[in-house]
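Dropping the structures in below, format is structure tokens.
What follows is a pair of complexes built around chain A, which joins chain B in one and chain C in the other.
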Partner chain A sequence: MAFSQLIINGLIAGAIYALIASSFSLIFNIIKFMDLSPGAIFVTAAFSAYAFNVLFGLHFLIALILAITVAVALALLVNLIVYQPLIKRKSDSFTLLLASFGVFLIITGFILLIFGAEVRTFGLPITKGYELLGFIITKTQITLIVTSIVVFIGLQLFMKKTKLGKAMRAMADNKQVASGIGINVKKITNITFIISAALAAIAGILVGLEQNIDHNMGFLVILKGLTASVIGGIGNVPAALIGGLIIGLVENIGIWYLPSGYKDAIAFVILIIFLIFRPKGIFGVKTREETSG
Partner chain B sequence: MKRKLNYPRIIGTIIIIILIISIVIGLSFNSQTKEEIVIGSIQALTGETAKHGNNVKDGIDLAVEEINKNGGVNGKKIKIIHEDENCIPTKAVSAAQKLINIDKTKIILGPTCSSSSMAVAPVAEQNKVIMFTPISSVPALRQAGDYIFRNRVSGEPHSIKMANFAYNELNARTASTLYINLDNGISYSEEFIKEFEKLGGKILNTEAYEKGLQDFRTQLLKIKENNPDVIYLAGQASQNAIKQARELGIKTQIIAPTTLQEADLFDIAGDSANGIYYSYESFDPNSKEQVVSYYQEKYKSKYGRESEVFAANAYDAVMLISKALEKCEENTDCIKNHLYSIKNYEGVSGITTFDKDGEVLKPLIIKKTENRKFVFHSN
Partner chain C sequence: MIEAYFIHLLILIGIYIILAASLNLAMGNTGLLNVGHVAFYAIGAYTSALLALNLNIPFWIGFLAGGILAALFALLIAIPTLKLRGDYLAIATLGLAVVVESILRNWTSLTRGPLGLPGIPKPALFGMTFNNNSYLILVIIFSVITCLIIYYITKSPFGRVLKAIREDELAAASLGKNTTKYKTQALVISAFFAGIAGSLYAHYINFIDPTTFSVLESILIISMIIVGGLASVKGAVIGAVILTLLPEPLRFLPIPSFAIGALRQILYALLLVIILIKRPQGIWGEFTKQKENGA
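Up next, the complex of A and B:
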């Protein structure tokens, strides 16, 4: 009983890390810089969904769509007014990283200004979860895990099978060549930001449903999301999802045997081990053409 | 040949000179205007502990407003400078340094969080600045210095009271603790364990959670496997733990120290938060006693809601300080001695006495959560 519950606990945590890691990974892979703003998009989406659903009383599904729209619009705006001017000036990826950290602080600061520092909730009823195969799981948690699986498969198919996905992969491989063979770099960049923001938004709303919402929630997510994408193999989108699941599992199984205060430490010890012994991540051994990213 | 004048450079130099002069003048004016007494306040105004920090801030502001309306302290108005510590010790220390070195305050109200108070205490002590925290409860603060005071009963009596309640009233013989991995949570847990074991009870396991983390499932699972008679939930930001315990089908009696009573407990944990016993300061928000009802009326008219205990603690702290200031002006040695001498002061937050370590003594009660309300249970 305990062990199956432990695995489920790990999967729930992992599913959250996985979604946000894929959001980071997508931008890193295609636009080639570590963008921290998905951490802020994550918070924005959670608060937007809360505002539309709880404050304005809209149906949850409508609130969900509106919140994702807000998140995507914000990501495109950030790209337009912050990243594009920097990229045009040929800023290096470190400058972009710092700029994105600034963006993260500004957006979360605005959220603090608008919504205040209190913790918000969607006010879902709290009941004992379903008992299945010796473990207990709630509806929201099932949604979380299923969503991350669907996103994983969906992203795989999108990158491999669709024209857009192939164009994105081409751009990931070599921007100059991609542009040379007629791929619209600007359009692909925007699409990358749209998908990345949508992933972060879905993660934010699900975390809001499962736990609660506060303006600080983005920070931990950045740490765990980045760790997950490094472990999976940075720049490899589906691998980032696997990385997320691994962290979730190892953290939870780890504190079963170790004092629970070490939970975060476990995740970061794994990160350091990977950085030293396997900096390309689990799936980073193959050449880029062979992997899907 | 004449050299061409470099206008931008000259204008730039002039601007810099003007700036320097105005800063110097500004600073000297700042230290010269002594028509007001500047008091610093360091509170957690953002982050998970923000509710507490803001309640404290509200209590302080109300007291200051009242004092200033009645003519201030010996004719001088009190000016409060609030700084945010976000429950991060390093932030609290820089705030303290700013208040002491730039604003020249002799008194700091706060910090909110125990870890921050522990970090600020040596800075205040070194500068002979009075640090008076309205709500930090970590026991170690007792030894933090002569200039360090608090207006909240330390965590130790809370944990001792709950250990006795669990053993004697709930007949619990085994217990597990789940505590926040911060100074106050660790000490709540340790004091509870000490007392519970002294009584003859057995501690099955102790689990920690990090501030800001919302996933308690594996810690709860470990507790569930041990199946204790009670769970002592020690420290703030544990609302989600209560919710997740219910989701995991844990029916064990939960008990807690005063940190349980948070305004958003039932928003986050809903009905699963019913039936929890916890220790609390004897402050009764609905008390008919004149001191309390008068205070409550003013608080309600200013903020539109009822005051909880932390705001009351803060309000009392300001009142105590203003009395000390009346007698001592800003001489902190005199203020310190005055505070030590306070016995049975009838504050809003309870009958207040300070012992020789600057530790406050106030009576505690046991409360219970019932039908999404915090109600009195026993003395």
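Up next, the complex of A and C:
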């Protein structure tokens, strides 16, 4: 396998990690707690797309839209029945994180109950790869990269240019002031969960296009998504892209030298290295948030 | 038959009491978000099992080795994360749990991967082997000692500093306490006992494989201390008893084993979320203070 192939594989994996990392970062940045539930939203979307496409025989694009709808609805439901009561009571981020861990396990538990423990694949035809500059890339992989780029640019434009995006950033800066100048905090909270869930859902469906899906993949998604957001600087949504690409590349180059079974440990080693030397991430600005207390 | 089943349940309860009480020291008393306690449990179990199987090292040394290795891993996690805000510890401990499970699965030359390690010997003392009934006594002794040590720690001046850190770390630091050092010690002690629990489990079941130490097991231990109540040894014991027994009836339902696993997972997680929303102090807890959001 050529080195350029490793790079391209790394970029493909990195694009997915970047999407999921921005899903985590968005909630951390705006709602101010580390939510683990996007890991479950990711799995839900992958399995919903599988169910609509393979089990119900719907066209893939319709299945995709339905799966994203299911994922977003689930995230809103979780916010309504779990997070809102806790936030209203001024629970600390400790309680919210634990609750989100519970939510993650409830959702993935139901997926295991419904779909069983077998590994599933989307019934898409296998396409022949194109050979370019010494590496092979399939149509699906090109779709995957293009989709991630479009989603990322869309997210940036939304955050910078639209009124809602600006309101979200205002709330990230200071919730009290934002509420004081007439920003509807509840609405922005819901929109944050919608966007975060859509990002996680797109990542989940894209992974389903490329690899097998199983009920247990959520944990690795959390590990890699959170590591990617730590690398970029947790809560920094654009930097999540860089974080995701770094993990994707290091992982894929790393398994050139290590047995492939240790691929998942690579992300963890990167995480620890960053926590020791640069906990605020590559681009992180030092804020009060990073230090304890 | 029924008697053997009860003894089995009591042994499991004893092991879970050690896990819950030790996690409570870090999570309940000190406020550390350790969501990967199962990693320390796994490290203890595999260390002691491998020492016994490969080098014939008796349980009495193996359990200490398991505890010490688990404590070393806790130190590895503590050094980079405990200076930072609490969420980073959560990421790192969850990461450790995911990676430990993955390594147990993949380092086949050492751990035999998914095949697991069979034939772990039962402990023996002066020619007497600890079988089911006597193993129960052994587990009771271990869990009582663990609870006493942890109770003593929480009531000591050291424990009061831990509590102060949980309530207001900045205030504790401003009184000249090196809070990072105290938090590190709490996490290391907590991991040491989890390692011992792992060793007790391995030498009781005689067979361990990576599925026993999946990250899901962490939610079980967390639910135990949340249900029983944070920062209370009594709470940890009650939580361990309730949550070990609660899913047992599922075993008798005529459903496939993956569905039992899924139902157990949902049951534990649901209980955790409901208690967090409705009764955050748990049944017996003292941890009632609500910090400002985002603290």
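Assume the second predicted complex is superposed on the first by the 276 of 293 C-alpha atoms of A that agree within 3 Å, B and C clash if a C-alpha of one lies under 4 Å from a C-alpha of the other, contacts with A are read in each partner's own complex, and residues count from 1 in each chain.
Note that in this section a residue touches a chain if its C-beta (ideal position, glycine included) is under 8 Å from a C-beta of that chain, and two chains touch if they have at least 3 such contacts.
Owing to the predicted nature of the structure, the values given are computational and were not obtained by experimental measurement.
K.L.:
Could you classify chain B and chain C on chain A, in the superposed arrangement, as clash or fit?
P.N.:
In the arrangement built by aligning on chain A, the partners chain C and chain B clash.
K.L.:
Chain A residues in contact: does chain B have more, or chain C?
P.N.:
In the superposed model, C touches more residues of chain A.
K.L.:
A:Asp214 contacts which: chain B (first), chain C (second), both, neither?
P.N.:
Once the two structures are laid over each other on A, A:Asp214 reaches chain B alone.
K.L.:
Determine, under the contact definition given at the top, whether A:Ile276 touches first (chain B), second (chain C), both, or neither.
P.N.:
second
K.L.:
Should A:Lys128 be classified as contacting the first partner (chain B), the second (chain C), both, or neither?
P.N.:
first
K.L.:
With the two structures laid over each other on chain A, which partner does A:Leu6 touch: chain B (first), chain C (second), both, or neither?
P.N.:
A:Leu6 contacts chain B only, not chain C.
K.L.:
Contacts for A:Gly57 in the overlay, against chain B (first) and chain C (second): which applies, first, second, both or neither?
P.N.:
A:Gly57: touches no partner chain.
K.L.:
For A:Gly180, select first, second, both or neither according to whether it touches chain B, chain C, the two together, or no partner.
P.N.:
neither
K.L.:
Pick one for A:Thr138: touches chain B only (first), chain C only (second), both, or neither.
P.N.:
First partner only.
K.L.:
Based on the superposed arrangement, let me know which partner A:Leu113 touches: chain B (first), chain C (second), both, or neither?
P.N.:
Only chain C; A:Leu113 stays clear of chain B.
K.L.:
Could you say whether A:Pro259 touches chain B, chain C, both of them, or neither, answering first, second, both or neither?
P.N.:
After superposition on chain A, A:Pro259 lies in contact with both partners, chain B and chain C.
K.L.:
Shared contact residues on chain A for chain B and chain C?
P.N.:
Chain A residues touching both partners: 112, 116-117, 219-220, 259, 261, 264.
K.L.:
Could you pull out which chain B residues touch chain A in their complex?
P.N.:
For chain B paired with chain A, touching residues are 45-48, 50-51, 54, 181, 207-210, 212-215, 217-219, 221-222, 225, 239-240, 243, 246-249, 264, 267-272.
K.L.:
Touching residues of chain A toward chain C in the complex: what are they?
P.N.:
Going through chain A, the ones touching chain C are 28, 32-34, 36, 82, 85-87, 89-95, 97-99, 101-106, 108-110, 112-113, 116-117, 219-220, 222-223, 226-227, 230, 234, 259, 261-262, 264-265, 267-268, 271-272, 275-276, 279, 289-293.
K.L.:
Write out the stretch or stretches of chain C touching chain A in their complex.
P.N.:
Listed in rising order, the residues are 31, 33, 35, 76-77, 79-88, 90-92, 94-96, 98-99, 102-103, 105-107, 169-170, 173, 179, 215-216, 219, 222-223, 226, 258-259, 261-263, 265-266, 268-270, 272-273, 276-277, 280, 290-295.
K.L.:
State the interface residues of chain A toward chain B in the complex, per the touch definition above.
P.N.:
Contacts found on chain A: 2, 5-6, 9, 12-13, 112, 116-119, 121, 123, 125-129, 131, 136, 138, 207, 211-212, 214-216, 219-220, 251-252, 255-256, 259-261, 263-264.
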